[in-house]
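In the two assemblies presented below, chain A is common to both, partnered first by chain B and then by chain C.
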Partner chain A sequence: MRSLGSGEILFILAAVRWTLLLSVVAFIGGTLGGIVIALMRSGHIKALRWVAAGYIKLFQGTPLLMQLFLAFFVPGIFGFDVDPWGAAALGLSLHASAFLGEIWRGSIQVVPVGQWESSAALGLRYWNQMRHIVVPQAFRIAIPPTVGFLVQLIKATSLASIIGFVELTRAAQVINNATFQPFTIFGLVGLTYFIICWPLSAYSKRMEQKLALAAR
Partner chain B sequence: MTFHSQIGRRHFSALALGAAAALLPGAIRPAVAATPDEIKKRGRIQIGILTDYPPFGGIDENQKPAGYDVDVANLLAKAIGAELNLVPVTGPNRIPFLLTNKVDMLVATFGITEERSKQVLFSNPYSAFTTYILAPKSIAISTPDDLKGVRVGVARASTQDSALSAIAPRETRIMRFDDDATTTQSIISGQVQAIGASSTVFAQLSENYANLQIERKFTLKAQANGMAFRKQDEALRDWSNDFIKTISENGELGKIHQRWFKTAMDPLPPMPQF
Partner chain C sequence: MNYVFEFGQVFAAWDELLAGALRTLWLSAASMAIGMVVAVLGALGKTGGPRPLRWLIDAYIELIRNTPFLIQIFMVFFGLPAVGIRLEADQAALLALVINVGAYGIEIIRAGIESIAKGQIEAGRALGLKPLQIFRLIVLKPAIQAIYPSLTSQFILLMLNSSVCSAIAASELTGAANDIQSRNFRSFEVYFVVTGIYFVLSLMFWTVFALIDRAFLRQPAPR
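Let's turn to the complex of A and B:
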């Protein structure tokens, strides 16, 4: 049996970079997809609204673990070779698109309809209304729930271990199976997630208070 | 990780694996056959190994895969004349990795069972171990019937899981954990009164937790492990059978066993017949 030495601890801590990188990539992918979904869902074209709603329902109604699993193994059946990294990035991006799309759809629709009407009276068309009138207002409303979701997303990257992607949680499992020190190892891992997520939560809280102040 | 989310996660992964298992036999594309000639020409062989099951498949101090399986895989790659590419797999995702062509074959301490041989092709055994019911001296257990009302932990989807499920009386509460390490932890922390595990785990428990006075109560299963291939890769299977025969006769396999288990190797068990 191995003992838990500095090499093992370093291996676990080095895996944090994969957790962070995966979170960043999924957040960027989710932002791009989420913008498209939010615009489709809040727009005037009925067919697009239905497609976006279906997409959101599908991804909110199935477990992320299943989505990752399918993203990894299904392309292999059709002869496309996807590595665990690519599958995890894709699966999490699609997942984040659905949730961010729904958050931002809500933020857009919270902007009073009078804002649309008065900007239309000024002669602005859809894209300019969005850009100059609606998005600046929706943006501030969207920050707290978006950051809240980002925290969820960071923790959700641990599910990528099912497809063999070695991030923080998987690295800890591998070391635990060699050293049998679960309390130390998983305690350390929990603390690491906390150190990453807590500043984000604190930021979200501050933004919320600021917004409340501005709205008074 | 809370206990609750652990259950949820296990439940989901079982679901996901079940869905994939249902999906895979009807796979649209027949996988490209991996033959020894084709692998030689390609110059690279992808072998799936475990990294969380030492000493069969674990990691060394440089965090690289190391163990009995890894040594066998190295020998095999050398014999076939191709560069070895080790792909870490886990117990539950071994079969999907193989069937979706992510590896050419598995050298992953894969117990030869009837259920599994419906999905994959097995080589003759190249390693073996025995699993037992382990429990503290103070608990009287000598037959499966004594497990009535006892909480027993096992690693899920392992052969000890299926062996225990087959023989345990209905009143036994079987608790399935992710792997051997968590199963071991469950008996140390008292969540279960007995566990089903191999002699390797028994050695670790007696060495590190002598105060628990864990002993072997009865044998669950003598497990023979085979390399695994896709159903159509019979040529590679036949080649591997010859390879296993060669290295067990010339003593190289014995040396690997000595290195990882510090004991001489018992003769390999015969191929189980179903």
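Let's turn to the complex of A and C:
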């Protein structure tokens, strides 16, 4: 049995970069997908609204772990082999699209109807209304829940370890299997997640309180 | 696409899937019930307790909310034996879920406590309501109305999150799926069906919770 030395600890901590990279990739993928879902969900076309609503329900009503398993196995059915990294990035992006889409739909719909009507009266069409009138107002409202979801997403990347992607949690398991110091190792890893997530949570909470004050 | 689907081998194990689903429901219900006891105690401690206790409760909430559940369950299952507490996988799963949902529950319950309007209690007294009527109509019902949406969605989140307990081989639905696919290697079919079962459970709870809300909790429309 190996002992837990600085080499092992460095191996674990170096794996943080994969956690962060996966979080960033999934957040970018989720942002792109989320914009599409939010526009479909808040738009005028009934069929698209239904599709977006179904997509959101599907991802909110099933475990993320199952979504990752399916992201791993479904591409194989169509003849594409994905590695754990690709499956994790795909699964988390689709997951984030649903949740960010729902958050942003909410933010768009909080903007009063009068804003739409008055900008229409000024002769603006949909895209210009969105760009100049609605999005700037929705953006401020969307920040706290979006950052809050980013924290969820960073924590969620730990599940990529179950489909075999070596990020922070998986690295900890690998070292734990060799050294068997679970309390120290998982404590250290938990602390690492905490150091990443806590400032974001605190920021999200502060922005929320600021908005609540402004709304009074 | 020349993949041959074989769902038959999955449905042949229907008894395992049913048992797994029931275990998931039991695990979710039990940890929600115990977690709510933790949440109520925590919320009371946080609103009225001495400063060190409040500080401790805050630390607990922040620690749980800012670390992955997977790490929490590893700490309970692999970490606790290092300090002499050895738990079965199912016990560890229950404990980890309770610790997790308790932290989220404290904030929900506290919001419920804060939603109670003092002026309305006084108004109730002035109208000559009995103490029990005041508690039931002015304290309890509005507080439940205030927390009901977050509490019910927390339960569904908890149920979906319990699939992570398969990582320590606790017996629940995802664990059953892992067992079945390790025998017949029909990974896609097994996980597809099990995802469907989870979705049906979610739909069921969404519907039931909405019905309860409509039947008991809605205020009559103001005239």
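Simple rule for what comes next: the second predicted complex is superposed on the first by the 211 of 216 C-alpha atoms of A that agree within 3 Å, B and C clash if a C-alpha of one lies under 4 Å from a C-alpha of the other, contacts with A are read in each partner's own complex, and residues count from 1 in each chain.
Keep in mind that, in the parts below, contacts are C-beta pairs under 8 Å (C-beta built on N, C-alpha and C of every residue); 3 or more make two chains touch, one makes a residue touch a chain.
For clarity, every value in this text was computed on a predicted model and none was experimentally measured.
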Is A:W198 touching the first partner chain B, the second partner chain C, both, or neither of them? second
Chain B versus chain C as contact partner of A:I77, first or second or both or neither: both
Can A:G7 be said to touch chain B (first), chain C (second), both, or neither? first
Given the touch rule stated above, what does A:N176 touch, chain B (first), chain C (second), both, or neither? both
Which holds for A:F186: it touches chain B only (first), chain C only (second), both, or neither? both
Looking at the overlay, what does A:I162 touch: chain B (first), chain C (second), both, or neither? both
Kindly classify A:G114 by the partners it touches after superposition: chain B alone (first), chain C alone (second), both, or neither? neither
State whether chain B or chain C is in contact with more residues of chain A in the superposed arrangement. C
After overlaying the two complexes on chain A, where does the chain B footprint on chain A coincide with the chain C footprint? 63, 65-66, 69-70, 73-74, 76-79, 159, 162, 173, 176, 182, 186, 190
Over in the complex, which chain A residues touch chain C? Could you list them? 58, 60-67, 69-70, 73-74, 76-79, 151, 155-156, 158-159, 161-162, 169, 172-173, 176, 181-183, 186-187, 189-190, 193-194, 197-198, 201
Chain A partner, complex, touching residues on chain C are 1, 3, 62-63, 65-72, 74-75, 78-83, 156, 160-161, 163-164, 166-167, 174, 187-188, 191-192, 194-195, 198-199, 202-203, 206
Given the complex, residues on chain B that touch chain A span 1, 9, 12-13, 15-17, 19-20, 23-24, 27-29, 51-54, 58-59, 61-63, 87-90, 93, 96-97, 100-102, 178-182, 184-185, 204, 207-208
In their shared complex, chain B is touched by residues of chain A numbered 1-2, 5, 7, 11, 63, 65-66, 69-70, 73-74, 76-79, 81, 159, 162-164, 166, 173-178, 180, 182, 186, 190
